[in-house]
Structures are given as C-alpha cells and as structure tokens.
Amino acid sequence: MKQDRMAPFLKNGKGMLLAYDQGLEHGPSKDFDDRNIDPGFIMEAAAKGGFNGVVFQKGVAERFYDGKVPLIVKVNGKTNLPGGEPISRQVCSVEHAVSLGAKGVGYTIYLGSAHEAEMLAEFGRIQEEAHRRGVAAIAWIYPRGASIQNDVSKEMVAYAARTGLELGADAVKIKYTGDSVSFSWAVKAAAGARVFMSGGPKTQTDEAFLEQVKGVMEAGATGLAVGRNVWQHKEPLRMAESLRRVIFEGRSVQEALAP
Amino acid sequence: MKQDRMAPFLKNGKGMLLAYDQGLEHGPSKDFDDRNIDPGFIMEAAAKGGFNGVVFQKGVAERFYDGKVPLIVKVNGKTNLPGGEPISRQVCSVEHAVSLGAKGVGYTIYLGSAHEAEMLAEFGRIQEEAHRRGVAAIAWIYPRGASIQNDVSKEMVAYAARTGLELGADAVKIKYTGDSVSFSWAVKAAAGARVFMSGGPKTQTDEAFLEQVKGVMEAGATGLAVGRNVWQHKEPLRMAESLRRVIFEGRSVQEALAP
Amino acid sequence: MKQDRMAPFLKNGKGMLLAYDQGLEHGPSKDFDDRNIDPGFIMEAAAKGGFNGVVFQKGVAERFYDGKVPLIVKVNGKTNLPGGEPISRQVCSVEHAVSLGAKGVGYTIYLGSAHEAEMLAEFGRIQEEAHRRGVAAIAWIYPRGASIQNDVSKEMVAYAARTGLELGADAVKIKYTGDSVSFSWAVKAAAGARVFMSGGPKTQTDEAFLEQVKGVMEAGATGLAVGRNVWQHKEPLRMAESLRRVIFEGRSVQEALAP
Amino acid sequence: MKQDRMAPFLKNGKGMLLAYDQGLEHGPSKDFDDRNIDPGFIMEAAAKGGFNGVVFQKGVAERFYDGKVPLIVKVNGKTNLPGGEPISRQVCSVEHAVSLGAKGVGYTIYLGSAHEAEMLAEFGRIQEEAHRRGVAAIAWIYPRGASIQNDVSKEMVAYAARTGLELGADAVKIKYTGDSVSFSWAVKAAAGARVFMSGGPKTQTDEAFLEQVKGVMEAGATGLAVGRNVWQHKEPLRMAESLRRVIFEGRSVQEALAP
Amino acid sequence: MKQDRMAPFLKNGKGMLLAYDQGLEHGPSKDFDDRNIDPGFIMEAAAKGGFNGVVFQKGVAERFYDGKVPLIVKVNGKTNLPGGEPISRQVCSVEHAVSLGAKGVGYTIYLGSAHEAEMLAEFGRIQEEAHRRGVAAIAWIYPRGASIQNDVSKEMVAYAARTGLELGADAVKIKYTGDSVSFSWAVKAAAGARVFMSGGPKTQTDEAFLEQVKGVMEAGATGLAVGRNVWQHKEPLRMAESLRRVIFEGRSVQEALAP
C-alpha cells in the first residue's frame, strides 16, 4: 500500500485541522477580534482542542508554532483586495516549510480562474518537492472566477476533489455541497485522496455547523479543516469537543452538543 | 534504423491505449459513473482488455498503477472551466513520470491557441528530456481556440499530425477526420511518427465506433487511444475484444462485433 | 525566543530609521533641494541625528554608505511615472545588499494591485534568502491600485501589517491611520512583527508630525521610518532630537519641541 | 580574420540551402503533395541537387537526416493558425541540434511584432550558445505584425539584415526586395553577415524565380535558401541545376535554363 | 574612494564616446549612408578621432572591434518598429561582452514605460554581474511611453540621472535639457555617477551641437556619447577635434570651430 503522508494528521483515519490563514486571505478586520487576532491564542486552542493539525502561513509558524500539534504550512496566499481573476502564488518554499517543522504543505488552486494553468503548474512542482522531502501535499481547491456559476454544486465540488487526485495531492480541502449524498460523489471522485471539508464562515448556530460536519463524515470524508467556526466561537474548546464527537466517535449532532 | 521508443506500447506495430485523464480534463460528473470513477476499475480493465498502454495523470498513477500494462503519464493538463484561449501547462516532471514507471509521457498542444507558442516550447523541452531518459514523447495535438473553424477537417488533422513529426514526437494522438482517405493524409504528414486516433465521446452504437477505428487502421495509423468508448461501455472487455480484432487482426466491423 | 534580526536597528526595543529612496520613487525634483539631493548630506544626518538605521537603494549605498549607522538596502523600486497598476520588482540581490554591509533588506508590496501576486511571491523568496544570510527582511506595505478606496483606513493599515506578519517579515513599514487607537489594531495584527510608521510627506508644522509619532508609539509600534520630515526640515538634527525624545524617552510633543 | 562558421554551407563563398520547415510553418496541406510531404524525398533531393545545406526542424532531422548534406536545425517555430502578433519560441535546444549533427541553427525573428523583444532576447541567448558549441547562428528575419506596412521595401529588408548583423548572426535569411540595386543596400547593411534570400512561394515561371536569384547574387548576397521553388517543381533536380549555374557559375538566366 | 570602473573611458576625468547602435535602434536607412553603414568606417573614426570609447552591439563588436579604443557593448536593444509601450531586453550576456573585450556594458531603460519594471529588474541583475566581472555598468535612461509628456524637461532628465545613481550605474547617458543650468540639476541628481549627454540627431550647424556640448560640460558632466553628429558629418575627424577642444580643453565654441 501507498505510504500515507497524511498519517501525522490523522487519528484512526480521521482528522480535524485548525486553519488560520484568514489574516492574509481575508484581512484581520473581517475575521478577527482582540482575542483571535493573536496567533498564540490559536496555537493554544489547537493543542487544547485536540486538533490533529494546524495550518499557518510561514510568518505565523516562525513566530508562534510550538510543536504541540502537527504543522501544515500554506505555501501560497493572496489578499482579497485585487479584483479580476484570482491568482495565488507560492510565497514559501517547501524546503523552508519543512525547516519550520511542517509535515505537510498547503496550496490553493482557484479552479476555473483565467490563471488556473499557472496554479496547476506550480502545485505540480510543489507536490513533487513535498514528496521528495517526505511531507504531504495538500490542495485547497476552490472553483472561482468569472467562469464559475456555482462553486458548491455537486459537480463543481467533485471536480475540485478530482483535480486534487489527478495532480497527486495527498489530501484536498473543498467546500461542502450542502448534503451528504452529493458530497459523497466528491469523496468518490477523490478516489483515495483524503477529503477535508473547508469550514467556511461561522454559521448562525452550532447545530447548523455540526450538521454539515456530520454530513461530511457520513459521505466518507476524512474530516474537517475548520477556522472561524472554532476560533470565532465563544467557547472554542467546547466547539472542538463537539466536533471531535462527530468526527472521531461518530456521534449524532445532538450528542455532540450535549454538555 | 531509429530506435522505436513506442515499442513498449506496440504489438506487431499496432497499439491500443486506454486513456483516463478525463477526470481532470472534463470533470468527473461529465464522463464518470459510480463504476468508472474508480481508477482501480480502469487499471483492471486495461489489463484484462489486453491494452498496450494506459494513460494516467501522475496522481492516478501514484495511487493505482500496478505495472500490468505499460504506463503513459500525461504531464500537462487543465480543467474545462476557464474560458478564453486554451492553455495547458506542465504539471508533472518527466523525471517524476519515469520514477512512476512510465515508458512514455503525454503532452497536449492546442494548435492555433493564442498560447500555442508556450505549449510548443514546453513540449520541445519535454521531448528532449523524455528522450534523454529513454522514454517516448507523445503529443496530443488538438487545434482549438478562436482561430479554428473546423478541428477535424483533413487539413487541420494533418496539420496536427505534422506538428508532432516536426517537434520530434514519437507518436501523435489526433482526432479522426471522418473517413479513411482523408485520415491517410494525416498519416502521411506524420511521416513515421506513430498516429493514434483520439477516441472521443462515446458513439451511439458500437458499430459506429468500430467503423471509425477500421477507417483509422486502413489509413495506415498505428492504433487508438480510447477512453469513453471502452469504460463507459456496459461491457468494456467485450468492446476491447472487438477493438483488438479490428486493430491487430484486421477484421471487419461485422467480424469484430460477432460474439 | 525567536532571534530578533531587527536588533541592529533598535535601542531599548525602539527604532528610528532614516529613509532615502525618494530619488527613485518620486524623482529628485519633487522631494529634493540643493542640500538633500546629496546622499552625503543624508549619511551625515543619519549619523549625527542618532538614527538607528538608514535606508538606501544599492547605488546610493555603494557610493555613500560609510558604516556609521546600520544599513537597510531597498531591494526593489520603481519610478512614479508609469500609469496603471503598481508593480515594483527586485533590482538588487540579497547577496549584493549583504556585501554592501546591509543588516536588513527592504521590499515594497503594493497590496491590492493587479500585480500583487508577483510581489508577494518575490518577497517570499527574498525573506527566505535574507534569513539564510542572517539579515532582516522588512516589508514596506502600501495598499494601492484601482481596488483600493482608502489606504489609511484602520482596516487597510491593519491588513498591510498582517500581511507582513503572515509572510514572515521581521518588520513592516506602514502608513499611519490618523489616530493611536486605530493604529494599535495594526500593531496587534502584526503580532510581533515590528511596526514602523512610514513618515510620509512633510507636515505643515513640526507639532503635527510629532503628534503622529506620539500616536504611533502609544499604539505600541516600534518606531518610525522618516525621510522628508527630517531631511526637508530646516534643521534636520533638531527634528531628529525631537523625534528621539518621543520615541525613546516617551516625552510629550511639547517636551519634544522644547529647545 | 573572424572564423567563418558558415563555411560548412559554402562553396567558393556561395551557398544554396534547401529549406523544409513549411510543414510546421504553413501546414502540410498548403505546400505539400504526395511526393514532397515525405522528408525522405527532400533529403534525397538535397543530396542529388548539390545543395550546401538542408534546413529541418528537429523531428524531421531525427528521423530523416542522413548526413549527406550539412544540416541546419530550425530551433524555433510556430503554426500559421493563431491570429494576433506573431511569436515563435524555441522548441529545440542548441545542444540537441548539435547532437543531431547540425553545423548551424536557425531562428526566426518577427521584426516589429509586439513580441519582438522576446524573440530578440531568445536569439541573443541562442547565438551565444551556438558559438560556444562551434556552430553557426542563422537568423530568419521577417518584419511582420500590425506595425509593418511593407515587408519587402528596401528599408525594411535592410533593417532585417542589419538586425542580424547587430545581434551577431553568422547569416541572415531575408526576403527579396524585388530588384538588385535595392537588395544590395541590405547586403551592405549586413556588413559581413552572410545574406541568403528567402525563396518564398513558387513563382509562375522558372524564369521569374531565376531572375530573382540573379538579382540577389548581383547584389552581393551569399546565396539562397529555397524550398517550394525546388520541391514543388516538377523536376526539382533540374531547377537545382539552374540555380547552381546562377549562384556558383554566375550564368545568365537564359544560360541557366538551357538544357 | 570607490573604484572608478569608468576610468578606461576617461582622460583627466572627461570622456568622449562614439555611439553606433543606431543600425538596430533606428534601422540602417534612417541614419546611414554608404559610408557610415560600414562599421569599419566607424571603428577607424573612433581611433583617429581620439574617442575614449566606442559603443557597439555584440554583432558589430564581434566582426569589427579592433581594440584600438575601449569598448562598451550594448547588452539590450530593440527596433523602432513595434508600437506600444517601449521594451528593450537583454540580447547579450555580460560574460559574452567581456569576452569581446568590453570594459563596460550599456543597457537602455525606458523610464515611465508600462514595461519599466522589467527593465529596472534586468538592469539590476546586469549591474551586479558587470561589477563582479570588473566592468562598468552604464545606463542609457530615456523617459518614454504614453505617461511621458516632455522627456527633456529639467525634472525628467534629472529623474533619469537619479535612477541611474540609485540602481548603481557607473555612468548614465541622458538627453540634454537645452541649457546648462537645468542640466546641472541632473548632474547633481546623479551624485557621482558619471553623466554623459546623449548626442541625438544631427543638428543643423556644428555650432548648434557644440553649444550643447559646451553647456553639458559647464553643467559638470563627464562628457558626451555622440553618434550621428560625428559619423553623419562630412568631416567626422574635424568634428571630433572640435569636440575634444570643448570637452578636454574647455575651449569656447568659437575656438573649437577654428581651423
């Protein structure tokens, strides 16, 4: 069997990752408050919350990563300021990410963008270098740009998942389609590449988010890369506990919410 | 005589390749069902169906290639999502493809695209590296973009074939013109570069597809790279058997369809 | 604790830098007079004025840097002549900057520009090379281009600061928001990356400028990179003295202005 | 005196080259028939016709070059399909061309194209590498693109010739101006770089073509790179014989046409 | 004191260079006649005319440079044919220029062009390589493109000069502002980088040109890079003699014109 480079991020084949690159992707004022603007708060939440991995840009990893949770370094990034077709290019070498302790590197591909070719090519190189260095290559794949009508349709999400497989990603981070049945098509399309749901913006209720996660797990996914729904939560560790119950113990949403 | 790098993919000078990069090129929802979305199903069909080669992107090869059939790794690729002039760039190094066991690498050139120059140049480099490493360089050549009126005219298909010859491709994968006589002009234009018909979308009847293949072989081509007409078929192995009869035994379409 | 590559530019954790790349960025006729067009005048003012660092392009450093004040070499630059979306590319290698005695390299990123991706990627490479060579990587980050409405809003300045943190800058040079409370949000966003206010055009009164600097220091910033407000000043050393009182001694603006 | 890298292609300082890259540049259906679509036919005509050199793309050289005539490998190329400003990029390395036996490499520059800068730069690199490897760098220089009104005016053809000289080409291949006097200005502009007329499309009569060649030689040029006027001719060897009489023996057109 | 890489081109701190890259930049028909189209004529004029340097593209240097006058090789270049924003890219490596005997390399930057960033970056690399190899890096700096209203205003010419200083040019070649006082501002802006006036088109009278040169020298410049006003002159050596009197002996224009 193929070596599982995702093993550092899994427990019994499931995984719960804490994502924290929103400071670059969305800006601090959109997503952060006085508490979660501090990467130290996030690092601590990742450890105490039982996360299997934490996702940082290199600058945050350099200053705040403490080794208590396996590290994924995002190696490309952009702000949300420029208009036009999205393009996110490599800002961190794989060598540097590994030197920071990363067991995986993350790269975002905007599928359907007029710049898609450049990102596919760049990920192609990064995937090979990551594997030469023995770490996982994880693809964040989001259909985006003028050519995309609906980025969470069953077809589009499966296309994202499949692209990750075809390019040799160890895992893909994709959006939820909205229901477990359609999401299972994406899991099938990934054909063994690990599927993580991208958490997205904070939902109005905890229940709403946990229902998504439940659907994701029922669809056969590996887990979740969550950010705002944890660190914007009043009680991040309580939300983390609920998520663990759904992801690792297969509990119902109601059981997960129980005190 | 020139070393034939295509030899691994030939039997008595003919070849039948199973192509399976549609997950990236078209998306899983357009071409796949619950059965053929699984690369393992394809790998098995390739072996049992007596194919002389199988075409995968690197990610699929990494997870599913089992060595039972010679491997061609597609080293560029794109989705069908972006609008504008087509461009497909290298996503897999030749070195990596060879490390996966490939005896050939495939590269798509969109002739006539506003980005043609970039693809010609990239294929030029890949061809030389493939030959240095002792594997075949196979060009998928499709006229496409605003400048192309009819991509299956006799003239256009011959232009595609000739481009492969001029750039040193060991083989070209081109579309069928619709009749054997006009396709033979493309075979002449290839002037020794092996010509494989690109199978295209599933035809309404088996007979229709086999007629195409018969015409291709009568035109002097080497064979066929087929995907959907096999793995979308209810009985892929039966279709494979029919194809073998036409390609290797020179049977008529009626003989090929006989039980 | 993380090694502080900014240490050469700090005294008790505060720093006052003299910036002098306006000859390239704005042209000599816009900012210079017969006195300050001479880089030798600036080098002398930096030393006598007690500055903790001086910022030159490589050409000025090659001819005028005398080692009396720590050196930052700007490694990209542009004129203000071309229209269109701003782009500033690397014009000096990190290796060369270090050979000139630089303890830090500066790089400008125009956040929100249509060319943002190219500058983020280039800074990403420069940051790693700077750190390999043991010098600081300092990001000048200015939101600019058609997508930017207000480049000194609290949100935009904090976004600039955060981008520096995420990309691993040792320090960021950003514009002032206009008040200390909103600027403190940028300092928080930087999360440990040193924050220097960009001095900007000469203010009408010394008091006005010192009030800005006071606000910056109250917000928790590290200091100031000042150019025109010092070397366009009738008495640069007197202004430098006033700045030192605010930055290092925490004096009030009135105390700083006292003879 | 400067080493003459063109010596392999000259006899008594004159040269007659057989060009055969039209399969890529124009497509096989525009220029070829059942006979001349076969590169073997061309290779044989080159040898029997007493040509001093033959021009192939690498793919044709790999399969058909037999060493009987000195080889020039065209190292860039394009199809005539894309619209827009012309660009032709390197598709064959100089190293590879030399490994095929080439004593010269050819590169096309579209002077005046919006992409001119890229081709000038690429030829600049190729020229140096060719010379390092001891082979000639030959520039095909054609003014083309929206900025060009008349590509065969005295001024434009001389500009093409001069560009070759300035960039260090050993020889230039340029179009005929239409008369010997004006063409001699181009020869002067080349200032020692060897001038070859580009043969162009087949003329209506042999006489018409030979008159051109006569004018070219009278202008002091080195010779001719001819394609269609030879291999589209009913009797290629007879045309070759006529050309030799004009080029090497200085005969009149009537003498050249005599049986 | 800083090593003066311009020393080979100076006599008592002044210099007179003969420029001859107009064959590429303007085309032979615009500037040349039967005499000066011959680079041998120029090489001889440079030696006999007492010039301190001669400026050639590599191709001309390869064929005609005889070592009698120090050599500057222009390492970028373009034709005047393409419309749009000007871009001139590297066509000769510094290594190659040095192998031809060059003691300096020249590079043109079109300040204000939409492609300015590419030229600044390329010059930045060339400057460092030239200095590593011990030769001067000389910047031809011309404001040009849609953003430029007046390329010879005091402000624009000083901006050009300053850009050369900032990027580490040993010398700049800039246009004359029209009077000595305003040109002296450019000399100040250059702050030690040697300033050479770009000779420009042939003036109607010798007196007119010598007045310009007189103004340039009074402004404190190092000298002149002249082309057309010498080699389009009926008596190039006589004009050279006049120029020497102004540049090296400080004579008046009338004295310079005396027989």
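We just call them A, B, C, D and E in the order they show up, numbering each chain from 1.
The working rule: a contact is a pair of C-beta atoms (placed from the backbone, for glycine too) under 8 Å apart; a residue touches a chain by one contact, two chains touch by 3 or more.
This is a predicted model, so every value here is computed, not measured.
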| item | value |
| --- | --- |
| If a chain touches subunit B and subunit E alike, it appears here | D |
| Fewest hops from subunit D to subunit E - one hop per pair of touching chains | 1 |
| Cα superposition of subunit A on its sequence copy subunit D - rotation in ° rounded to nearest 5 | 145 |
| Separation of mean Cα positions, subunit C and subunit B [Å, integer] | 57 |
| Between subunit C and subunit A, distance of the C-alpha-averaged centres to the nearest whole Å | 35 |
| Touching two or more other chains - residue numbers and ranges from subunit B | none |
| Chain contact topology (line, ring, star, complete or other) | ring |
| Traversal of the chain ring from subunit A via subunit C | A, C, E, D, B |
| Interface residues, subunit D side, partner subunit E - complex | 2, 111-114, 116-118, 120-121, 123-125, 127-128, 143, 145-148, 154-155, 158-159, 161-169, 185, 188-189, 191-193 |
| Residues of subunit C touching subunit E in the complex | 21, 23-24, 27-30, 32, 34, 37-39, 57-60, 62-64, 77-79, 81-84, 87-93, 96 |
